[in-house]
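What follows is a pair of complexes built around subunit A, which joins subunit B in one and subunit C in the other.
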Partner chain A sequence: MVSSVSVIGKRIRKVDGREMVTGEAKFSGDYIFPGMVYGTVKRAGVPAGRIKSIDVTPANAVPGVVDVLVAADIPGPNLIGILPPLDQPVLASDEIRYAGESVALVVAESAEAARRGAQAVAVEIEAYEPILTVDAALAPDARKIHETGNVTFSKKLRKGEVESAFERADILVEGDYETSFQEHAYLEPETVCAVPGRRFTLYASCQSPFHIRGHVAANLGVPASSVKVIQANTGGSFGGKDDVATEIGALACIAAQRLNRPVMIAHERKESIVGSNLRHAARIHIKTGALKDGRIIAREVRVLLDGGAYASESPFVTMKTLIHAAGPYNIENVSVESTSIYTNKTYCGAFRGFGVPQVTFASESQIDELAEKLGLDPLEIRRINGLRAGDPNATGQIYEQSVGLLETIEEIAKRPEPAGRKDDDRHVHGTGYAAVAQGISNGAEGIDVTGASVQMSQDGSVLVGIGLTELGQGSRTVYALIAAEVLGVDVDSVSVRSVDTDAVHDSGPTVASRSTTVGGMAVHKAASEVKKSLVSMAALMMKTEGENIELRDGFAVLRTDESARIPIASVATAAYWTGFPLMNLAFSKAPEANFDDETHQGDVYIAYNYGTHRMDVRVDTLTGEVTVLNHLAAHDVGRVINPLGLEGQVEGASLMGFGLAHMERIQYVDGIIQNANFADYAVPSIKDRLPTATITVEDPNPTGPFGAKGAGEPPVAATAAVFANAVADAVGVRFTRLPITREDILDALKRGNHD
Partner chain B sequence: MVIRFTCNGRAVQVEAEPEARVIDVLRDGLRLTGTKEGCGRGECGACTVLLDGKPVNACLLLAGKIVDRDVVTIEGIAGEDGSLHPIQEAFLDTGAVQCGFCTPGMILSAKALLDEIDTPGVAEVEEALAGNLCRCTGYGKVVDAVLAASRRMAPGADRGGE
Partner chain C sequence: MRYLKPTSIHEAADALESSRGTILAGGTDLCVYMAEGVCQPETLIDISGIDSMRGIETIQSGREEATVRIGAGTTVAEVAASEALPDCLRQGAQAVGSPQIRNLGTIGGNVCNASPCGDTLTPLLALDARFVLRSTAGTRTVESEEFFTGPKQTVLDPHEILEFIELPSASCARASAFRMIGNRKGQAISQVNAAVSVAIVDGVMSDVRVAVGSVAPVPLRLAGLEELLSGKTVEDLHPANLRDAVLEGVRPIDDVRSTATYRQEVTVALVFDALAACGGQRSGQDEGAGAW
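Here is the complex of A and B:
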């Protein structure tokens, strides 16, 4: 799109980083207002049942308690969720569907008193036999968790004819794989702070402020325009601060309305784990058929997702597994069926990767198994089958450009495996490979529009406003870079404002790695409109045509005589007085997905990020301990906007994938989570960090700003898969269930030795 | 009771119960909200402050224990003139900050380390930061930041930005 650039691609410090290293950054919990009170939710504590009675008198008697709310106190429909028909109550009134379910809100003068009050609320529940597995949920005589039954969402993808292709195949591989629930474990637990007034103001640690505004307003029984949501600095989200923020956001506003006092609700860590969505656990069956020469001709996949008590994002996660299950390969015959199921467990929803890590682990494990049967090198089988520009993918979509999978494979291939790693009595070594593709944008999951505003002041400084949120992923820095590039100014003169639903346009949810691509495109467009004014003004001032003017390094420069230059601030001032508009609100709309709902054949995403990873591991056979010696992560990101930010995304997402693959498992006993704290739920620490080397391939994406495409999610899937393959290579045993913990490895080694 | 202690170089006094948590004394009593609460159980390090130069979890520390002692929070790290400490600069330069919620605790743990050891090795950095969880960065850039800061802080080093 643009040949030479001046700030795009430079290593730039986070534009909003300074306040974070000084402690000045305000997170939701840092707000304080006169008269503020604190809310704590009372949770069911049993996974299934029916509320017989709620006695709030003992809670009201707790010193400091000022109010207790139950379902009947909610003015609106008492419903939240993602897709209609909404199925999740803000406060349960009748049926209890998971142990973390909210049944009452206690409000008190201090957080301590609110907690004591919540303990004092007496809830009598007639317990049901909980439904705790997808098998139990699907049993023909199973109790229905929701009126609609226990299937949340189910879809099929059909391409070609798998059955006849399997008959033609020389080799068949078939297997079952499983992954566990994963907790987001952002360091900041969910927190909101509601301030009453003529309109409501909600400061929220959240991912999608407009989504929250809608649900808060509905449950308050007021129009959306009566609610203003301000995204406070948000201490991580990774998909996890949508549903829960609507729940506590609505509760805080309703309490604030009743009491006419500001209300803060801050989850404790335990609540953050039991009372907000997790990553879906999955059971995946795959069958792959290939010819002797290594070409895969058919894949059949069945995905069962345990989605817990409520739908949340289950429908979209289901779709994403459906579309990604066959992997980044050119396969003529594909059949996938993905189904999400209700169980009496904490609901599952959005989590970085959105179903792709689960299916990628399964798919890539089987690709290795197939390679072994065929006697092919793991990179070779991926090279033979990997998608190239012009190939139809699993949905039959063809991209003519920006399909950099093969380049990522070659980047990995050209870095030889380390020599001289000798196994000894105690240690074995292994190397794994994995390839991934992840769709960018909402695609099949909905309309994809983003609005962004760019405003230049007379002094040449720039303000960008957009409805997509900064969650730590560096999107503000990306927007600042794009605006600076277009307008020829220094990045330091660009500010990106915080998201305030009063002041920015609804930009849809901050999901699906769409911030850089779809959001960046809107910023690019708005900045380009402002640029037009500046160029016209400068042309007038220099008595030339606009095409002779270039904006760079803070000046409008005459192309034919570079010494003729006017500071952009002067051009902006003149433009203002002349009446050229210096602000623009622009929209970027991703081309609409266009596919058949029965077969899921058609165009789904605006682009895919492709990647190939390699991991070298050493396993201690006495302890099962795995040391990752090398981790190479090559991704086709279209175009690098900020290498520093990109590496941060790849490294952080990789470690999250490693956690999924090796360390993290939510432990349920009888429907109750046993390890709802950081001592028992193992989040990777600095000692577990990976030696990730980010390798970028730039195959420009015509639908992204300067050719960029999102990159924050795909490394989760690739790392989870590559870890499994590396360990399998080292230990000589194929593990089919994530996480593959140290104990699992030790068990397998012991069994291996005894066989 | 009145809790008297030194906070960020100044003598302060706060009305608090001796068994109040120091994190609450700092955040609510002194409005120093840079100290973050991630778990309240000593398991995440987001609340790390320096007590007589040593890193401690303010969520586990009781107010009675800080009487007459020296507490440093993230607000006390930068210069009076607003110039950033070399560790703060290094965190920004290397990209060790994403959401920023773990950052105050990380920086204070790093400061305790670098005040003690001029040029720590990677293992020492790991040890010093082992109690500080970060879900965003993957830690690689955090290690880079601490090592870069140690080079800048080393006696005779140019303390300017890189």
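Here is the complex of A and C:
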């Protein structure tokens, strides 16, 4: 595509950064409408059972309570979910499948009264013995959590012949690995505000407004066109504000319809942890066979995901683990079986990384174990086996370009060892490496289409509309940069509007690191169409041909004589009065996935982001405390659109991976989460931030704007894996379970000393 | 709910006597309990308007030696920033919650909440602090070590208010240090904390006070360890030498924040680190770790 650029690649501050940090930006909870009332959900409180009765009379008696809704009050099918057949009720009417299950909505004049009302709802539940582990769920005589049984989704990937390859292998390594549930822990808990009228308007802190619109309309029993969803500024999502936003969005709209009053539902932190999806806990078995020279010839993986009470994104997370379990390596024989399981726990769904962190931790741990057995340097084994352009990956897909894994390895290899890491009688040091590949775009999860509009006003300013949401990841800034680059205007003259389902095209969900890649392509196409009008107009004005016109620095410039230039505002005004269109709605459709459903061989993703990380740690052998001294994160991102935004994504994703690897653990006792607050659930604080240095490799991706590809997710997986490998190197003991807490480290040191 | 806002300690004592209400200072613990429905007071007595209960001063009372007096309504942030106070207390205050909580919360509130993991409690024990309790009948003084009777339980009668915290000047003259460990580096609740106060002359330790928190129902002094260390030199300090005496004194439990075993292990390290800091030695943890 374009090689000479003017704003792409510059360090640009977020276009909406100022309003965010000054408090000017409005979030869902900031909306106030006349007559607004507040809703709070009554939750089951027991992990499994059957509702015998719900008595709402005591709640109605609470001062301030204006309405109480139960399942029977929902006009539509009372179902939400991601993939048909939908399996999650908005309000449970019969079976209770997890403790956070919503059974009634209490609406009151104040949030406090609604809370008191919710406490007063009397629910009689015949409790069942909860199914709390995947083993219990898979037991032959296990109670069925859903009519379909306890297996949510199960798929196989088959490439080559692993059995015979294992027989040929010189070295075999085999092991089991586990990861814990993880909470998204966004700053802003889920909040929606529904305003009734001839049509419904829903202001929502959410990730995918069109997905919400569909579910809200269905459960209201109205056409989708009767519902308008406006994404309010959203204080983080990371995959966590899809399912739950449909649940509370539908409830708020139904209550607003009944009362003809605006209704706000704002989750408390505890509800945000207990009553919305988590990252799947995983149990992973891997067997790897290699030749003496270090070449991996076979890999067999079994993944079991604990998906909790409802399917949510489990099928797609299952697919993602299936496709990524072999890692970023060229392995001829691969066999993977991945299965997600229902249990009586909070449902699991999308979470930045989407299954890749779990399998990458397991895979990269085993790669290190293999390297040790082979006497190979950890970088060398990754170098030997790493995917190169032209190599078939686990699904047999071959990319002829934009496979920058080896370059990321070399970037890491050439950085010097940090100084001052000397063990003493109390501290030990270690260094770890990990490599990752993560598919970009919906890929196996379905068709990937984005619609974007670009409109230029007569003053030369630009308005971009797209159905993908800004969640803090910086996508608005990326779109502004792309439009500015194409149209030759300053970034400040581009506005990217908020997502309003009335005003932008359905662009699918904001997931899978696809905003820059797929969304950016649509913006690029729409802007290019507007550019055609401007170029044609400028050519008329300069009495030349369009090919002689260039748009840059706010001017239409004659290529042969740069002093001949017309301000873009003048060109736009003339174009308007001449009748050239100044707005365009363009679609970007990613090449469709094309693979065999039985073997998962074929083309899945439009690109992969590849990365290699290195981490140096110091471990205090008396407390188990880990100090990260150095963290290098090298990723092939195709082309950097905004280095500042990229660094933010890499640093933030890395810290989330670190939380998963070291600190965060949802603690269940008898199906009840014990630490549903930030005092006891240890999400990293600003003081725990890593010294992450972002290193970029640019191997242009032909399917992305200016060669770019997504980067928001892959560092989660790489950091989780590299932490485990660094700590193992320091302590001399391999950990097979995340998180590796200080307690685990101390325990391992003690056991190690006694051996 | 009734809300009273007295402007003097006498008014507050009268109000408490007549209403048996609940004292509100910074509200950083109480308001959480109220929101969770753990506590639903009929009367709130807000003591944040009592000026005499705020501030830190050195008082000289005739025959006795000088005492540092901290008003119970002094904020945790003010304690953390006060150069008049010993290191361990300032460091303990700095480890409480977040900046917002330290700006609102008071040292008296931290003491009266009596959480076994309260970060100002162990420093006060190590400094031989005395608590001055006020009621309509007058005042009585209780030694910090006698004050705590269980998790969230103290010797305070329902009609008493903690008015002042007094530190003997002798304890203020000793070297001191505080160390804690939590589930993350900032805004963390102590899994274990330790405060040490010790006189060191020519490298020899005397008047040793070691207090540890979150390892028993109340913050504890480790008398056996104090005795063991007395007369020893700073150079001879080694975690292994402290271990038995520390473990003998503590009786931690497993809970959502940590395990008993880990708490035991880490108590040894934190006590050592605090002692080493008093002796001016480099130790495992940087000063003030745990605070943000």
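FYI, the second predicted complex is superposed on the first by the 753 of 755 C-alpha atoms of A that agree within 3 Å, B and C clash if a C-alpha of one lies under 4 Å from a C-alpha of the other, contacts with A are read in each partner's own complex, and residues count from 1 in each chain.
FYI, a residue touches a chain if its C-beta (ideal position, glycine included) is under 8 Å from a C-beta of that chain, and two chains touch if they have at least 3 such contacts.
Given the structure is predicted, the values throughout are model-derived calculations rather than measurements.
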Quick one: is A:Pro262 in contact with subunit B, with subunit C, with both, or with neither? Answer first, second, both or neither. neither
In the superposed arrangement, which partner chain does A:Glu743 touch: subunit B (first), subunit C (second), both, or neither? second
Looking at A:Gly235, would you say it contacts subunit B, subunit C, both, or neither? Reply first, second, both or neither. first
On the A-aligned overlay, A:Arg13 touches which partner chain: subunit B = first, subunit C = second, or both, or neither? first
For A:Val21, decide between first (touching subunit B), second (touching subunit C), both and neither. first
Dominant toucher of subunit A (residue count), subunit B or subunit C: B
For A:Gly81, using the defined touch cut-off, is the partner it touches subunit B, subunit C, both, or neither? Pick first, second, both or neither. neither
Is A:Asp620 contacted by the first partner subunit B, the second partner subunit C, both or neither? second
For A:His427, using the defined touch cut-off, is the partner it touches subunit B, subunit C, both, or neither? Pick first, second, both or neither. second
Quick one: classify A:Gln674 as touching subunit B (first), subunit C (second), both or neither. second
Let me check the overlay on chain A: which residues of subunit A are in contact with subunit B and also with subunit C? 678-679, 683-687
Would you mind writing out the residues of subunit B in touch with subunit A in their complex? 27-28, 31-41, 43-44, 46, 73-75, 77-78, 84, 88, 91-95, 97-104, 107, 125-126, 129-143
Under the touch definition given earlier, write down the residues of subunit C that touch subunit A in their complex. 37, 181, 183-189, 239, 256-259, 261-262, 265-266, 268-270, 272, 284-285, 292
Taking the touch rule as given, give the residues of subunit A at its contact with subunit C in the complex, in rising order. 119, 426-427, 620, 622-625, 663, 667, 674-675, 678-680, 682-688, 742-743, 746-747
Any idea which subunit A residues touch subunit B in the complex? 11, 13-14, 17-27, 29-30, 32, 184-189, 233-236, 238, 268-269, 471-474, 644-645, 647-648, 651-656, 677-679, 683-687, 689-692
